[in-house]
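Just dropping this structure here.
As written, the chains take the letters A, B and C, and residue 1 is the first residue of each chain.
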């Protein structure tokens, strides 16, 4: 019995010791050790990020950075618990639409005094506006995405349809017509994964100037007017009136419809432009795909919602953290990251580097051509937005697109939900 | 095996041995309990008390944000919160359905396993497997099963020319909850089957034989002998299952995250979102308090059932 | 013995019923195995088959590699081992008290055991989280062990006290009458007889901690400190059907340890648990 107990005690001590050691991690003496929480997940981007960090660590022995990967699907939750739990990383990777809440809760450091002038000048003001909360900047923009049409060029050629050019993009009406034309013989014109449709819907609303949130008497209200309803109407009608959208794909996430697209079940699909990377990796041999320039409503405007790097207020080494951020986001490195993720860099200089140095020149031209179309969207900087999006908007949009509720019900749910959460 | 020392006292002193000689003194008992008592007080009872109290405060996330006592404001807000009402509705539907279906299936399996059939060992072992699997893995497994394009369920329906081969089960507004209930039933089979099997096997064969010679059919024997004998087990297992299922989190969270559109949002999932997505700790605790009230109702039912049992 | 046609039909129906159960219980696992053995191109096909056209074991390698399964398993192992040893160690004396002494303490103890099974975890996780934050034990395996110890304690106490009850009092009485002190009695009489029960209970606590998800989800953030269940849950959301193969393979591998342990203890488990459930 004694032997058992003492063996057990030794084991427990070993386990506890091992656990403590495991937490320690590699540390250099007399160096500032920064943790960097990032949710990069595409293998190419992960490699690019690792290379950047390794190069930094080599050239800056007194400031060592350690990457802490975060699951891309639960970034908000993980950040919140780490902020509340006091275990947040020094440098935090998030997106502009998600940081207003954290800013208001005081978890993100004010970067305005810390940002070096060169970094400030690299990125256009319109993009800086997305991370500016009453003259308090709490994130540095990295890269942005647009929603584009990806098409199976073989099927289009068969039907005698010509691809749009950067100078002459398709309008939504043209897109609808083409989709209808290609919906024959059990196949569909479009596969559209609309499980998480909120970002898509709101971003594309800017084609008609739909800002969703407006400042009225000093309060931010939600209005679903004709401009906001336009894209919803188009989506709904394409699914249920034109019947040009594969109904089986509507409940799937954006990229989960790719197998149908590859199999030729649908001729086109609307995806975030970062899916070009997925196309390259997963498409079958000989599959002839192309990415089109953004579609045009009244304009080609899409909402700017860049990925961002922030510094947590609890960090003990804010200026060192900013040094790293400035390095990671210089033109060369920003281009590397953007190229890996097939996203559009926030800095035009980085954008030109990307266009010159990557394959699929045609698709990158289409992507970069969208840069002038980025506009500030009001909802990106509002504190109640993340909760409204997750709790109210996404379920309501899904109900509407599944024909469970009418447009009037949808508008009521959205506005009531916004008023309740905003308080 | 330790040999027990034989009492060497003379016979006349044997009568002096009383039960009280072995009894633990209060002091001894306390000392022995302390290693377990301390962690329980610090990490279980104290937090639980505080958790209940938090339901009456406005505690939330934020650097240096103070917490104030706000009385029943949270509960007033809860009652008007359609999402809260929805989660409770889903919770009760889920708990009721899973418990009921699980009970019927487990009873059937328990009855079968007590018959002399070849290959029972396979069914018995398989019945225990869900216990050994973490809820996350069960969810992954069933996600693969329900996968609309590459999953076997839709493929089987397609080949059998049955309708529904296009449905994305876990994303469909009407089918997500039933699909998730099926998984819940699968997960809960072990505990219910084991309990019922033990109950069934403890019914003496004599009763059955006597009834059989009296000409009772299998169904009559089941109704008049098996069921009544099983009553205490049934009540205990069903109540426990109801409570466990109402509190369920892991499986549904991994399967659907409460979607589509709150269709499978169990109370615990709603509470998790409120607490760890939106940082509303006070509100989430109020929800927990409300769940406790419901669970207490289940407990009261069980106690009432047991009281009726013992008074028979 | 002549078997009547009616009895034959009943037997056939019973076998059919048993077969249905076997399919219901076993098929999902079989399907997961099928997915694990399929290559990426075959997974993307629109009409899948149960038996893979080309069996490949590549998914297992990739699953282990890309999901850091080995490292997460190591974390789970450390946490589960520490939890089961600690919980069992502190429970043994308490279980003895609960089984032997019918006073207020044991009533309260048994009451707490029952009630703690029924409380929604959300009530306890928030204050625990805030408490652990003061101790700087959030996002740490040590903090997780503390939480697990308290979480597994009820079950462990319940099982151990029912095992202690199974030991006849006479043996203790005899030893005490012979002048043995309380601790000596515990050591020489109770403990050896309790050993099989202790082993089963410790293994059960191990499995419970190994499989736990909710507390780990809330408390752990850094991937280097994830447990296995948490690690696999991360990868469920990631898009791409192609990734399902390695995920299925990793999931299968993750089930093996607890499955094996479970097979080992299942005979003892049913006996131990039930002695409390039905009569208790």
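The criterion applied here is as follows: a contact is a pair of C-beta atoms (placed from the backbone, for glycine too) under 8 Å apart; a residue touches a chain by one contact, two chains touch by 3 or more.
Keep in mind that what you see is a predicted model, and the values were worked out from it rather than measured.
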Next on the checklist: Thinking of each chain as a vertex joined to the chains it touches, would you call that graph a line, ring, star, complete, or other?
Outcome noted: complete
Checklist outcome for this item: Of A-B and A-C, the pair with more C-beta contacts is A-C
Checklist entry - Just curious, how far off is chain C from chain B if you go by their C-alpha centres, in Å? => result 14
Checklist entry - For chain A and chain C, what's the span in angstrom between their mean Cα positions? => result 38
Item to check | Shared-contact residues (touching 2 or more other chains) in chain B | outcome: 149-150, 276
Item to check | Two or more partner chains touched - positions in chain C | outcome: 44, 46, 89, 188, 192, 218, 241
Checklist outcome for this item: Among all residues of chain A, those touching at least two other chains are 81, 84, 256, 259-260
Checklist entry - Which residues, counting only chain A, touch chain B once they are in their complex? => result 76-77, 80-81, 83-84, 104-107, 195, 247-248, 251-252, 256, 259-260, 313-314, 386-387, 390-391, 394-396, 398-399, 402, 404
Checklist entry - What does chain B use to touch chain C in their complex? => result 1-2, 4-7, 9, 17, 19, 21-24, 26, 28-30, 32-33, 35-37, 39-40, 43-48, 50-52, 54, 59, 105, 108-109, 112, 115, 117, 119-120, 122-123, 125-137, 139-145, 147, 149-152, 155, 158, 186, 189, 194-195, 198-199, 202, 218, 232-233, 236-237, 240, 243-244, 247, 249-250, 254, 267-268, 271-272, 275-276, 281, 284-285, 287-289, 291-292, 295, 299
Next on the checklist: Under the definition above, what is the set of chain B residues touching chain A in their complex?
Outcome noted: 61-65, 83, 148-150, 166, 168, 171-173, 259-262, 273, 276-279
Checklist entry - For chain C, which residues are in contact with chain A within the complex? => result 41, 44, 46, 75, 78-79, 81-82, 85-86, 88-89, 129, 132-133, 136, 138-142, 145, 187-188, 191-192, 195, 218-219, 221-225, 234, 237-242
Next on the checklist: Under the stated contact criterion, what part of chain A meets chain C in this complex?
Outcome noted: 1-2, 4-5, 8-9, 11-12, 15-16, 18-20, 22-23, 25, 41, 68-74, 78, 81-82, 84-87, 253-256, 258-260, 262-263, 265, 278, 282, 284
